[in-house]
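Each of the two complexes below includes subunit A, the first together with subunit B, the second together with subunit C.
Take a look at the complex of A and B:
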C-alpha cells in the first residue's frame, strides 16, 4: 500500500507537521503575571514544562515515524487524525494543570495561554479537518469525534481543573454577570432570529407571488446588509425615539438584528419557491387543490428544507451580530468584550468571545441536524 | 360526457393560442389532440379543467359551462395526467394516488382499497410499490402511477397531456397497449395530447389535428389517413399514411383459409386444391413449415424439402397488417401463416389481399374483409 513513491508524494505534508509542531514547542505557550496589570513572564513547553512538551510532541511526530516505518498510508492518516482530535484535549488539560499551582484560588496571579498554545490548537484543528475525509471513517464516527473537545472542556470547567487559568479568574470576577449576559445574548439573538424568520419568509413569499415586489424587497434587504450594524443602530435611534420606543437598549437592537436576520431567510425562501418543480404545482392545481391546499400540502413541505437552511445562516449571523448590540446598551456577551477592550484585558475579551463562538458553532450543528431531518423526508 | 368547445379563443398578449375553435368531443371516446408544437393542443386540453381560462368562447361538459363550477370542484371530477408526471416527491406512491380521493374526503379504508385496486390496474404490485417514494421509481413506473392518480376518483373525463412521452420507445409502446386495454374496460371520455402521430393513430377513436390554434381536421384515424383535408394534414400525417393505415387493421380482418396438408399424408397421394406452396401441419394442426409442391415426386421424402418451423413466417391474428407486410417484405414471401397462441395454423394472410386493402383505402372505399 504505502510504497516509497506514495511516501514522497505526500512527504512534504508529513514533514511539515513535526517541523511546525517542534518549533511551536520552543515558543512560549503560557504567560504568567503576578496580577492583571504587570508585565508577565513566558513559559515554554521545552524548558519549563518538558513532560507536557514531550507528550504533545508525540502527536506531531508519531505519524511521520509510522510513515517512515512503512506502515500503510491509511493507518498513518488515521493515527494522525486521532492525534489531532486528542491533542486539543491534552493541551487544555495541561494548561489547567500547570496553571493550578501557579495561581491557587484567591491569588491575583494570572496564567493565560500564549501563542504556542493557540498555534497548537489551530494546527490540530486544521489537521483534523484536512485528514477527516481521508480516514475513511463513517460520518457518524467523525461527528462523534468532534464532540470530544467540548466534552473535555465541560468536564474541566465542572471539576475545576481549569480554575487556575486567567480566563476562569476573569469569570469568577464577573460572577453572575457572565450568566446574565449569556442569557441576554441568547434572548436577543433568539428573538431576532424569530423576527427575521417571520419577516423573511413573509417577504420571500410576497416577492414570489408578486413579481413587482421582487426588486424592491431585495433592494431594501440588500441595503440593510451593506450598512455596518453600528451605523444601523445609530440610524434607528431617531425614528425609534420618535415612536416612543427608546433609541437605545434592547428595542433598537432587536429591530436591527431582526432586519439583518430577515435577509438570508427571505433569500432562501424565494430561492426555494422559485425552484419548486412546476410540473408538481401544475399537477396539484390540476387535481383540484385549492390555493391554500397547494400551499400547505405541496409548497411548504417542499420548500421547508431550503428555508430552514436560511434560518440556520440567520441564527449563526445573529449570534455574531448581537455582540455589537452591546454598544447601544442592549447587553449580551458583547458588553464583556467591549469592557475588556476598554480595560485592555485580553482575558475578558476572550471570556466574551469564546461563548459567542461556542454558541454559533453549537447552533450551526443543531440546525444542521434539524435540516437533515426534513431533507430526508423530502428527497427528490 | 360530451365536451363542447364553442368559439374558444385564447390570447397570450399578442400571441394567439386558440383561434375561435369550435369542436365537440364525443362521450366515452378516446380523442387525441395532435399537432406540431405551438398548435394549441395543450392549451385546448387545459381549458377543459379551467387551468386555462379562454379569452372568449365557452367550454361545456354535457352542456354545462366549465366556468359555472368552482374550479377545484371541477378539477376533482376530471382526471389529470401530464408529461413530467408531477408526482409529489414528498409523498409515497400510495399517497400520490390518493391525492384526489383525500381532497374529496373519502374514508381511509375506502382510499386504501382504491389505491390497491388502481396499482393492480396499472400493473404495479401494491405491496411493493405503495410505500415507495417517487424518486425510487423508474420513468415507466412513475408514468403508471401518474395514470393511476388521474383515475383515482373514477372521473368520467380523463385529460392526459403527453403522458407517455418521457419514457423510452419500448416502454412507451407497452404503456400505450396497457392504457388501451384499460380504456376498453373503463370507457372514459379521454382527451389525450401528443405530438407523436404514431401514438395518435395507435390510441385514438377520433383524432383532432390542430395547427395554429385551429382544427385542421377531426375524424377517425382511418378517415384522416385516407382523406387528409389539406396539404398540411397530408404532410403531418406523413408520406407513409398507407402504412399507418395498415397499422390500424389486424391480420384477422383479411386472413383467408390456408392451403394445408398434414405431414404424414403428404406424398401418399396427389394434393388436391392447392397451389404451388402448401403449409404443412402435424396431425394436431400445429404448423410445422411450408413446402414447394413442385419439388414433390414419387419417392421423394417431403421432409427434405419442407422449410421447417416457419415461426418467422407466421403472425398472430392480432398483429397489424403493417407488421405482416413488414415481415413479408423482409423475408421476400407473398404470404404468411396465421397461428394462434399454441402455434396451430388458423389461416394465412396474403400480400395480394394487403395490396387490395391498400388500394381500396387510397381510393376511399372501405375494404371488405
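Take a look at the complex of A and C:
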C-alpha cells in the first residue's frame, strides 16, 4: 500500500493539512479592481471573508482532528478525500457569492481569483488524486466524484451565481460574439481534421503500397510540421490568391490546418498497415479474396483503431492550431485571445483559452470512446 | 432528373442575380482596440443608411488587412494617414507631419497606384508619443517633450519601455532624441516585443524594473486610467496618424455615397472622444460593439 512508503507517511500527511490550509487562509484569495487595468486590492479569507474562510478551513483541519481523536485510518482517509472533492465546489461558489455584490451587473469592477484560491484548488486536486486509491472506494464512485466539480461549474454558470467574477464579465461584454467564435472555431478545426483525415489516410496508403513514395511523402509532411503556422499562412497567401481561392480568411487557414492534421493521420495509417499480421492477410488470400475484398474486409477494419488514434491526435492539435487562424481573418476563439493580448486583459485571454482547452480535452475523450468502440468490435 | 436540374439551375441564377444586385460590403478592421471600435462604427453607420454589410471587423494585422483590401476580399477598413509614409517610399517625410498634406498625399497616391479611395479622416492623431508617470510629471513639471529633454539632460532618472521598432527606428525615439536634445543610455530603455502599448503603459504605471515612461499612442484609452501623462510633441517630430475609412476600388464605384455617410461621424471623433471611447473598451471592458452603438445613438447618427 502506498501509505506505507516514508514519503507519503501517514503522520506527515496529516500534519501537512493544517499547515497548507493555514497558509492558504493568509494569502489573498480574491483580487478586486475598480476597472480592468488599475491596481487592485486583495481580499483574504481570514480578515475579509472569515465565514467562508472557516468553512474552507474545516476541509483542511477536520481529517487531522479525526486522526487525533483516534478514528480509524480508513475513515479519516475517506473523510479527507471527500473533503478534497467537495472543497473546489465550495471554493468557486464562495468566490461567486463574494464577487456578486462587489461587481453587480453594469459595474466595471473586476473580481478575480488570486493566490490562495488557486492554491486551494491545486491542493485539493492533488490531495484527492493521492488519496483516491487509499479510500478503497470502487472506480465507479471515484469517477462519479470527478464529475462533481464540472457539474457545480455548469450549475453556477446557468444560474448566474458566478456573474460577478471577472471572467464572466468578459463573457457578458462579448455577448453573442463568444458563441459565434466558438462555432467558427469548431467548424474550422472540424473541416481541417476532415481534410487532414482524407489526405492523411490517402498519403499513408500510397506510402504503404508504393515504396518509392514513402520517403518523399513523409519528407513533405515533416517539412510542413516544422513550419510555424503563421509562417505557413503567410506562404499560402500568394499561391492561393493566384488560384483565385482567396489568400485571406478561412481558405488559407483550412489549407494550413488540414496539412498539419494530415501528418499524424498519415503516420498512424502507415504504422497500422505496416504492422498488420501477415498471417491474417495470407488467410484472407487463402480464402480467395480479391485485392479489393482484402482491403475492405481485412486491412481496413484491422488498421482502423490505429488510424483513428492518429485522427484523435490530429483533432486535439487542430483545436489548438486554429487559434492562430484569427490573425489571417478566419475568426475563431483566437480572435478573443489576440484582442485580450492587445488590451492587456488577462480575463479576455482566458475567455478565449479556456474553451480551447475544454474543446481539446472533450474531443480527446470523445475520440477515446470511439477508438475503444472499434477496438472492441474487432476483438469479438 | 432534368426537371430537377433545371430547377436547381434556375434557383442558382435567381440567387446569383440577387447577390449581384446588392452585393454587401465587407467591412474589415485591424485586430486591436481602436480597429475594433472604428470598424463597428463604420458597420453601424452604413447599416443605418441601408447599405448591406458583412461584419469582418477585428480581422487581422495591418499587413493582412492591407493585403485583403488590395485583393478585394474586404471593401472598407479604417487606416491611418501617416502610414502612407511607409506604404509609398520616396515621398517627402515632411509631408506626413502635416495632417492635411498627409491625407491629400496618401489619397492621391493610393488612388493612382491601387484605385483605393481614402474618405474623410477623424481629427485625432494616433501617433507615437512618450507618456510619463503622473507623479514624475507633477514633480518635475513635465508637459512637453522640451521639458523632458531638459530633465534628462540634467541627469534626471528616466527609463522608458517601448517596442524594438519604437526604440530603434530612425523616425521614432531617435528622432525625439535629436529634436529635443537628449541622449538615452543603453540601460535607460526596456524593449518589449510587438507594438503593444497596453504592455508598455502598464509597466510605466507599475514602475516595473524602474520604468517610469512608456511608448504610447495618442488615442490610447488607458493613459488617464493608469495615471500617465502624454508629453506634447511641440516640434511635430512624428508623422500625423489620422484614422480614415479606406475603400476598395470596386466598392467605391458601387457605393459612391460612402463619404457622405461616414464623414459626418468621423469628423466628431477627435482625440479626446477617441481616447474616451477606447478607454471604455480597454479600461471598462465593454465590447466595441456596445460602445459604438452607444456613441452613435447618443450623437443621433443611428436611431
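Criterion: the second predicted complex is superposed on the first by the 301 of 380 C-alpha atoms of A that agree within 3 Å, B and C clash if a C-alpha of one lies under 4 Å from a C-alpha of the other, contacts with A are read in each partner's own complex, and residues count from 1 in each chain.
Heads up, the rule we're going with is that a residue touches a chain if its C-beta (ideal position, glycine included) is under 8 Å from a C-beta of that chain, and two chains touch if they have at least 3 such contacts.
Given the structure is predicted, the values throughout are model-derived calculations rather than measurements.
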item	value
Contacts of A:276 with subunit B and subunit C, given as first, second, both or neither	neither
Touching partner for A:227 - first (subunit B), second (subunit C), both, neither	neither
Touched partner set for A:246, first subunit B, second subunit C, both or neither	second
Partner with the higher number of touched subunit A residues, subunit C or subunit B	C
First, second, both or neither for A:327, with subunit B first and subunit C second	second
Touched partner set for A:301, first subunit B, second subunit C, both or neither	first
Touching partner for A:108 - first (subunit B), second (subunit C), both, neither	second
Which superposed partner A:194 touches (first subunit B, second subunit C, both, neither)	neither
Subunit A positions touched by subunit B in one structure and by subunit C in the second	none
Residues of subunit A that touch subunit C when the two form their complex	35-39, 108, 110, 169-170, 173-175, 177, 237, 241, 246-249, 326-329, 335, 338-339, 341-345, 347-348
Subunit B residues touching subunit A - in the complex, by the definition given at the top	49, 51, 71-77, 80, 82-90, 99-100, 103, 133-135, 149, 159
Residue ranges of subunit A touching subunit B (in the complex, touch as defined)	277, 279-290, 293, 297-298, 301-302, 377-380
In the complex with subunit A, residue positions of subunit C that touch it	28, 31-33, 36, 56, 58-61, 64-65, 67-68, 71, 73-74, 196, 198-199, 202, 205-206, 222, 225-226, 281-287, 289-290
